[in-house]
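Shared between the two complexes below is subunit A, which has subunit B as its partner in the first and subunit C in the second.
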Partner chain A sequence: MKLLQIVTKQELKSSLIAIPVFTLILINGSGYLLTAASYGFLIAILSFGWNLTALTGEISLGHAGFFGIGAYVAVISGISGINSVLSVFIGALAAGVYGAITSLSFYRLSGVGFALASIAFSQIPKIVAENLSITGAGSGIVNIKPLFIIKSINTPLREYIMGASLLIILLIFTAFAGKKIWLKLSAIRQNRIAAEALGIATIRYKQINMLISSFIFGFVGALWTYWIGYINPDTAFDLYFSTAPLIGALFGGRNSLIGPIIGALILYLSDSAISMIFPVGHKAVYGLAILVTIMALRGGIFKAKKAII
Partner chain B sequence: MKTILEIKNISKIYDKTVVALSNVSFKIEYGITAITGPNGAGKTTLFNIISGTVKASSGEIRFLGKRINGYQPHKRCMAGIGRTFQIPRLFDENSLLENVAIGVMTGAKKIKENMNIDSLKKQAGEILNFIGIKENKYEIKAKKLTLAEQKMLQLATAVATKPKLMLIDELSSGMTFQDALRLSDVIKRLYDYGISFLMVEHNMELINKLAEKIIVLHEGQIVNVSEKGDNETGK
Partner chain C sequence: MLSVGFFIVLLTTRIFNIAYGTMALLFGYIMWMLSNNTSTLVPIAIIIGLSLIFSFLLLPIFKNLPEPVEPNSIIVTFAILLVMEAILTYLFSSDWRIITLNPNYDAPIANNIAVSRLNAFFSLFSVIFISTIYLIAKKTRIGLIFKACIDNESAAKRFGIPVDLVSNIAFIFGTMAMAIAGAVYGMTNYLYPASGIKLTMIAITVTIIAGESIIGILLGGILLGIIESFSGYFLGGNWQDLGVNLLIIVFLIAKESR
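Presenting the complex of A and B:
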């Protein structure tokens, strides 16, 4: 019920169109289509997670750091004998703790200052990973066993895991986040000083959102590394994991709940489709999305037209 | 009369050279107190220090007997200090009802009342009505209001937090004579409800009409304190 309360009718209609499309892909798809769909889900979860920080008004350019931490900690935990499913949560928790620490360190920063600091905090774990033997240094770790023993590479299990994770995260979030929190976040985002003067603990909300956001990134990073079977600093801390969710959220509408998810899915699938025709330069779709968003779609596809309450 | 706010030797020095406030001390009791003085006297800096937006370089602030120097702005609001800003700070993209509902949430939290969205809306509507904003404007975005209306809306959002003391910063500036009269009436009625006011104001007519005590600031120092019906002045 809560989901219906905070999702606008427009968002709901689009979701109703998107759900059968993706269900069909998952049931009937194979090979490239399935992989594209599951990567789409992965970026969609990240976009949703990134947006939790953006909802407090901060633009992070360094969320790839949390993604990489989740991936590395999960793999190292798994190698040291911890159950692989449990290791995913350990990885997510480590990313969440790092998110909380960075948030505590940079709580006075906002705007450009926060964006620049976020790049710095994404680079610190990368440098650490490049220089430790436990992380395999620059060459990383290879031959990571899949999360579940998947015999065939074409099994759709991993796609279901990504899809189910997206759904579970969405349900958990909506179970706890009501309209009142939405209203407080909109206040913090628009005018932090006014929100504080009205009794809202803005720093606490920023920290909580950052913690959940980094936890989600860590969780997805852990799933991703079990999926691809190897990890190294360049791939785990790839800037793409900071920028793709950001662009997806901006394109979809960062003031809405579903917007970042739909935005990320549209962009990723467009990118994948275009890449079949133009193997080189297809990533231009993200640049185009930024241009379209800035010039014609201020507020994204799901610009909050309707009042919250 | 019981002291509501006590300011003790507050100083604010920017960049170790610019003295905005120098050893400012005063007490205010329940009632309406005005602070006046020329531009640059340090009035808004003082408000920012009381509400926690700016840290004092030295000195002490006591609200209802409690030292609140270490309180963050939201905690000062929870303690009972509401404020408006010289240039209205609103949530522009939100409707009037939503703006006030944000304040109502804090007011409800203070009395440990769990209000649902409908109750928040209802109470926000009642406050807007009390302040004198017409019902047909409740759903429009705050940015679409005139400056005078924005200032009244800001007063409504702060009142919604159930403050004991309101700091109002040049609320009448930019208002027509009629608007200022309406504002004066609203302040009087809020005072009747038990809210004290500390107002930074240039409009002497409004000050004389409302204030029981007038503090004059000049170049960061108090140069005069007078009380209604009292011809004596002193520091």
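Presenting the complex of A and C:
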């Protein structure tokens, strides 16, 4: 019942369709389909993480910075001899710390100011990564060993890690479902001054949300880099990792918990299908999806008068 | 020119155009395609003509943005940025392009002055454009009407000022400034689809520094140039962008603290 307080019936119905579909793909799928589903999970986790910041009313355009920090710190820790699983959490923690610094620095900013500052702040680690020898400068680091090497079992384990991570994150957050914190976040988003007048520590909640959000981005960034086996500033800090989660959250509905996940999964699979036809310009699909979401489906697909799904 | 265009559109329409640099870049590419033209007037006429068409295409999107306009304009223009970047990559590939000017226009305007004729022409045009905007804003009744719309839109409406028409005109002028800036940028810099965001950051930085004045934009542009040069000189060319980003952060925080 607690889950129902933050998830609408329509969202639950969609989840009931989407989750079995993706489970079937993961069980029976292979090659491109399996990889696409796993990337879908990756973007879904990011959408969920991005939405935590959006729940306080702020729109961040610089979350790619946290993703990149998580990826770089994890790889460098791994290279320096730290256990690779532990290095993923070190990367996530580093991203969380940077998120906390971002939030502390910009606690006065909101709206456009916050969005712009987030872009500028996300560029700083990229510039640093482009210029240090420890990060491999512009060329980056190649031949990164995968997180798990299970030679004896012919299972593409890495493809399942993203799905498992999404499930764990969802389980953790549904444990908080129905708690007062969601009402407080909603109050901050709708009227920050009124929320403050009611005694809600708006700045503290924003900072905590940003810390958790950036930790999730760092965690996924670290997993991603072990997955693909190389890293360079252009790929790790790609604007795509800021925009794709944003679009997923907008498309699914940014005021809900499950909506961003479903939105991201639908969009990513559509993008994957279109990228087979237009390998160069498939990012335009994301752009068009935002345009349609903002101009036509103003509250996301679940709030649209005629539901798409 | 780049910042003036951004500034005019922001003040009169409240649209924070993240795709601004990529839109300017489009005109840089158009200039690249026209660079073999034998006349100076033809490229500039085409650039201005296309900028008018472009502004008429964008107006219906920008005019129908749901409230709150500012954050929604960021998201929508971000979407436009993605679409345009994909189109530019599709049309021109990710390769870096440089305009090779017709020798006649590439020739310096005088001995020992390394400025091409076409570049000088565009620069002069830019100075005239900015001066005209400044004089209109400060010395004419039209400037007062614009100011009324910016200060209090609903009051301006009640006094019978056609606010929508005024913001449409401002938008067209802003787009024109952007197009010319993009063309000039294309003649002196390498063009590649992802470089648009850099131009947007320049326009945003200068606008943030400028506050609400055209003179401020000129001073902001100069300050930005100095900081870029200093960070490049002391830290190396690769660290130049660090100065720009830190400048944005410092100004945003300082502005909010006032």
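Remarks
The rule is simple: the second predicted complex is superposed on the first by the 288 of 309 C-alpha atoms of A that agree within 3 Å, B and C clash if a C-alpha of one lies under 4 Å from a C-alpha of the other, contacts with A are read in each partner's own complex, and residues count from 1 in each chain.
One rule holds for everything that comes next: a contact is a pair of C-beta atoms (placed from the backbone, for glycine too) under 8 Å apart; a residue touches a chain by one contact, two chains touch by 3 or more.
This one's a predicted model, so the numbers in the text were calculated from it and none came from an experiment.
In the superposition on chain A, contact of A:105 is made with subunit C only, not with subunit B.
Residue contacts after overlaying the shared chain place A:61 against subunit C, while subunit B stays out of touching range. Using the contact criterion defined above for the overlaid structures, shared-chain residue A:250 touches subunit C, although it does not reach subunit B.
Within the superposed three-chain model, A:116 lies in touch with subunit C and out of touch with subunit B [touch as defined at top]. Applying the stated contact rule after C-alpha superposition, one finds that A:283 touches subunit C and leaves subunit B untouched. For subunit A, the partner touching the most residues, choosing from subunit B and subunit C, is C. Once the two complexes are laid over each other on the shared chain, residue contacts for A:198 go to subunit B alone; subunit C is not touched.
Shared interface residues of subunit A, touching subunit B in one complex and subunit C in the other, do not exist.
Every residue of subunit A that touches subunit B in the complex is listed here, in rising order: 178-180, 183-184, 186-187, 190-191, 193-203, 304, 307-309.
Every residue of subunit B that touches subunit A in the complex is listed here, in rising order: 51-53, 72-74, 77-78, 82-83, 85, 89-95, 97-98, 101-103, 105-106, 109, 117, 120-121, 139, 157-158, 160-161. Listed in rising order, the residues of subunit A touching subunit C in the complex are 59, 61, 105-106, 108-109, 111-113, 115-117, 119-121, 123-124, 127, 130-131, 239, 243, 246-247, 250, 278, 280-284, 286-291, 294-295, 298.
Those residues of subunit C lying in contact with subunit A across their complex are 16, 18, 61, 64-66, 68, 70-72, 74-76, 78-83, 85-87, 89-90, 197, 201, 204, 208, 236, 238-239, 241-242, 245-246, 248-249, 252-253, 255-257.
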